[in-house]
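Next come two complexes, and both contain subunit A; in the first it sits with subunit B, in the second with subunit C.
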Partner chain A sequence: MINRGSGFSSLHPWLCFFYFLALLLFAMLFKHPFYLASLLFCTIIFNFFLDRGESLKKKAKFYLLIAAIVIVLNPLFSQRGATILFYLGHRPVTLESMIYGVLFALILLSIMFVFLAYNLVISPDRFLYLFSSFAPRTAFIITVTLRFIPLLQHRLREIISVQKAIGGGEGESKKQKAKEAMEVLNILVTWSLESALQKAISMRARGYGSGKRSSAVAFSFDKRDLFCMSFMAVTGGLALLGGFFGYGTFTVYPSLEAKYPLFNWHFIFFLLFISFPIFMESREWIWWRFIRSKI
Partner chain B sequence: MVALYQIQDLSFAYAGEGQNVLQEISLTLQRGEFALFCGPTGSGKTSLLRLLKKEVQPAGAISGSILYEGSPLEKLGRRRGAEEIAMVFQDPDEQIVMETVWQELTFAMENMGYETGSIQRRLAEVASYFGMESWLHKHVHELSGGQKQLLNLAAVVMLRPKVLLLDEPTAQLDPVAAKNFLQTVCRINQEFSTAVILCEHRLEELFPLATRVLMLDGGRVKYQGSPAEVIREVWRQKDERFLEYLPSVSRLFLSLNGRLGKGPGKNIKELPLTVREARSWLEESDLKLNMNPPGKRDNREGEKPAQALLSCREIYFQYDRNQPMVLKNFSCGVQKGECYALLGGNGSGKTTLLKTIAGILKPQRGKIIFEGKNLFKMRLGERRARIGYLAQSPSLYFNRDTVEAQLKDRARKLGLGASSQKLEETINFFNLESVMKKHPYDLSGGQQQKVALALVLMSEPELILLDEPTKGLDPLWKLQLAGMLSALQKRGKTILMVSHDIEFVARFAQKCALLFDGRAIAPDTPHNFFSQNYFYTTAIHRAVGDKFPRIVNIEDVSI
Partner chain C sequence: MIARFKKIGLVLLCLLAAALSVVFWSEGYYLPLSLLLIVLSLIFLFVRFEKKHITPEAVVMIAALAGIAAVSRLPFASLPSVQPTSFVVIVSALVFGPEVGFMVGSAAALVSNLVLGQGPWTPWQMLAWGLMGLSAGYLKSSALMRSRAGRSAFGFIWGFLFGWFTNLSFILSFFGSFSWEFFLTTYAASFYFDLAHALSNAFFIILFSKQWQKILSRISVKYKIFY
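Now for the complex of A and B:
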């Protein structure tokens, strides 16, 4: 759980949701290396503002591994491109396919980091709110399922620890051990079915299914949301519009080519849009760090 | 005025079973009453409670009638049924539906289709009434058991019910959390005149709160009336099945005939239900309570210490680097053949300690010596064979369709063969013949525990670790458990249990200590331990301890 404070994550959930949607769109639309690099940079900083990079640090190793694999494999498998650097056996390795691998890795990393931030900002209850307005049943089922996951994990740990302590069957074959693992799952499933039944009774006891459900949440759309929305609409809209005219795009094959020089009005709007949450979060950070400390 | 519930000749049999679990029950409950249903496991009290709410009625054949506010319960509208009759179940975890506290609170009102504004208002009301503001936005899995059960209560109170049905709500809680929960129930009963119907085994604190007690046995109402009436009647009939349910101070009073001192006529009529009432009775009297000669248990007190079986030396344990130490400099020694009990509230590290000794968790620092050998250097197989661990929920042990298959599988794994003598012995010792063909999940909590204990004991461990063995057991089962434990001790087993059941430990352990702040505090015999404690001690000692500091249990008093 992150501390929402008054930063970006405290905005109206719909605003946050569309912001993340736009980030994903931009990651796929603007393949210019500088655009991608700045996007990646911003998402990393954003993650650090949200939870001091806790979840990012946990996942970073895995994500970097995937990125590395993409960088290595792309030039090996793709022989497109005009500039041949060297031959690996009979396969030509091109500069373009190497660059493409790097760009693709950047895109992947940005998308994964955007999702990390998304998960922190759009918590399950906010998700429920977003979707209950047009798919109430689905949203409800998703929430209940989400609650089951930590419960199942906890139970599995308990079962395994008990089975470990009770011992027996030390000299068993691999096949027997596999069978035992199935038995552990069997306990888990039986137990979960029991508790699902109890949960269903508890739901019915509180009138679930007795009529149309309403929602307790009311996120109000306040003046600050309106202001932020206008800012995001102008910068994001212009960035998107520019994208259709070829700003920020980058062709790799057959040879590297950017349609426009890097420093133009479009890049500035793009930067303004993607760094918007960082503005908001750092404003809060500065408030606590400098202004409050003087009082 | 129309009664809240009017029950006439109610009988009930579960679907597919011929035998009635409830027989011709007639009962009238008024508004605002605090009724207590009790009785041994299988007496039908939970079935009766569930029949009182349409949505949770078990499937089966009902005869007789249940009137709710003058009209038949089965005709009660769905909406009214859900709103006016609220129910809280035994397991705190299983009944929570949503992810966060506030979502759970609003769940019921959302189901009813209330508008956002009024949900918010009641949420604010209920959260402040229950003092839940600080954990309103927490995830449910971050809460303690006691908090979860309070949340379950608050979640049904959101609908402003007229009657609260509670099915053993404190069975899974530690004493402090249980008291807190019951006090909140009592507050709701007194401040809003919400009727309460409660099934429970731990009655010591409940008798003074109740307006009516109903004791069920074998599906029939055995005793009914005000708490004092029921207690006197059970006492008069010397009913073995219910004596254990009575508050211990009342039992003490009745066993002394309410005497104030020597000479006839000096009796008082008022039956004490609470420690306060018992103390004022004793203060008026010049009664001398004599100690019974020390029983079998205390013979050991004078003996020179037997050989140490297990000794824990300076154990430190934490789950995560960023989390506090659970065990800090924990040391204790368990002698061969004794029953050692560690007391402590939830979260005091009791389970962690047992898991460490069982070899499931590895401490950061410290040594455990088992019969002169370092436990962590012992072979895994040897450690498992010599130390048996029984976890809190017995259902963790069951993965077969019948008890028989479960036991045979265990025998096979231990290399004993499916029809060995050991198996026979175990079945006989635990008296399991009658349940052999049943599914382990269909057994009662006490029976499940017995089967799990049988599984653990088949490898003939020397040391048995028990985690909260009395949790959710009715008083009769507790006596049975105590019998089993002492039989095991006679067979040379050593028992180390962790528990928060003060009364059980005071009666049946040979040594006890308090697990507090990661250490074992004041290890001593139960007698010395509880007679020197003031807050953390038995009800009897709290009542008589001022005048008779050595008396801890009702068995200590010679009559």
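Now for the complex of A and C:
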């Protein structure tokens, strides 16, 4: 029996993949403060359900820095907008350009958080399963490269500690330091290529590429997947359709203006779609509490 | 039969993409439009790679080179433009040709961003590093790439091209507030980083390209990677 994980991650990989694709599209499509804020909020909660926000906390500083830069820079560069708040030197700073900066920071943050959740849900074996049918080599290369990252980092540390032990790593000038770093890289490349090619020979011996690629993990599309797919297709489809008719947009320039009032059918469908993984995860969470209290 | 399905699928994909781009363009969604076009061009280069006959040795070696290129970028994360990734991409393309160069560059960009943080810039970097490898591979037997000065000039120029190309992702994201002044300010602000990237490329190539080409061609002969 294959462990398919729990909650949202236990769905068929194609469903998860298209869900994330739709989230990314929505993040770029709906430039509306409430839409983006709720999307950001949902992805943060989703991240907390997936790994208690571990990977989110690790990168939060970097992401918030980028968002802050965007918020500060936009009103400085852009003089569009009708409402002038104050003058910086002789440059007008407008309310609209400030709002636009905030909107764009929200878009960036949502995209980055969606990617974090994506990395947690679409694990390398799922990635290989998804893409090995039409791009077997490319998918395989990316999967193997993913595995090489921690391996090579480990080797890099090992080489550096050996170099230090024999008196290396004491370059003074920048040029000397760069040279020493490249020495380390030279060792890494000869070592890793040799061992990688040993692996390739063993792959050849076991018949890699001799037929259609088979997957070690078999995912089947069951009834629950079908149910979830219909739910996601209806809510997501309506949200997308509404997007093309101007719902969920918010005009910033020349002056702030929303085309529709906030609480309309479109916003509700959008909310249902983006909070879908939270439904699934919290259902499992409640279910778990429920059986535990019985025992 | 399957090949035919794939062809029909590709044509449908193109039509869908064309329809989407018209919608994006008319509605002013320039960021998704640019990402769509970049992903499409990446797909075509990947298809090209899939069609080539390649041994399992080559597949694993490409992954190892991409891994090295990606890892070599991580310790330099605090200096945004100084990293040997471009050097690794260029040298692998010089030894193994355009397809390998493209794969090493784009895979390295994708995978290293998993550690550094994915964002709308990832496809842009994938295409920029991929094209760096592709162009180095096509020029590999030209007089320019045979001389050390020519190679380092190539790396120097690509240092700037890479920066100018990836700047566009930043500018397109801000498109709602586009002005030529903003455009020029961005390029002026990135000049120092682009220069650092160009100089470090030239530096690595001058000192190490011969040695690395030797290492890689030796491996290629020893394990019969291409025949």
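Here, the second predicted complex is superposed on the first by the 274 of 295 C-alpha atoms of A that agree within 3 Å, B and C clash if a C-alpha of one lies under 4 Å from a C-alpha of the other, contacts with A are read in each partner's own complex, and residues count from 1 in each chain.
The criterion applied here is as follows: a residue touches a chain if its C-beta (ideal position, glycine included) is under 8 Å from a C-beta of that chain, and two chains touch if they have at least 3 such contacts.
Nothing here was measured: the structure is a model prediction, and the numbers come from that model.
Of the two partner chains placed around the shared chain by superposition, neither subunit B nor subunit C is touched by A:234. In the superposition on chain A, contact of A:286 is made with neither subunit B nor subunit C. When the shared chain is aligned, subunit B comes close enough to touch A:125, but subunit C does not.
In the superposition on chain A, A:191 contacts subunit B only, with no contact to subunit C. Judged by the touch definition given at the top, the superposed model places A:178 against subunit C, while subunit B stays out of reach. Contact with both subunit B and subunit C is seen for A:204 once the two complexes are overlaid on the shared chain. When both complexes are overlaid on chain A, the residue A:146 reaches subunit B and subunit C alike. Applying the stated contact rule after C-alpha superposition, one finds that A:84 touches neither subunit B nor subunit C. Residues 144, 146, 151, 186, 190, 194, 199, 201, 203-204, 208-209 of subunit A lie in contact with subunit B in one complex and with subunit C in the other. By the touch rule above, subunit A contacts subunit C in their complex via residues 25, 28-29, 31, 59, 62-63, 66, 74, 77-80, 97, 100, 104, 107-108, 111-112, 115-116, 119, 134-138, 140-142, 144-146, 148-149, 151-153, 156, 178-179, 181-182, 185-186, 188-190, 192-194, 196-197, 199-201, 203-204, 208-209, 244, 252-253. Against subunit A, in their complex, subunit C makes its touches with residues 6, 23, 27, 29, 31-32, 35, 46-47, 49-50, 54-57, 59-68, 70-72, 74-75, 84, 103, 107-108, 110-112, 114-115, 117-120, 173-174, 176-177, 179, 181-182, 185, 200, 203-204, 207-208, 211-212, 215-216, 219, 222-223, 225. Within the complex formed with subunit A, the residues of subunit B that make contact are 53, 55-56, 78-79, 82-83, 86-87, 89, 91, 93-100, 102-103, 106-116, 119-120, 123, 137-141, 155-156, 159, 355, 358-360, 380-381, 384-385, 388-389, 391, 393, 395-399, 410, 413-414, 441, 455-456, 459.
By the touch rule above, subunit A contacts subunit B in their complex via residues 1, 124-125, 128, 143-144, 146-147, 150-151, 154, 158-159, 161-170, 172, 183-184, 186-187, 190-191, 194-195, 198-199, 201-218.
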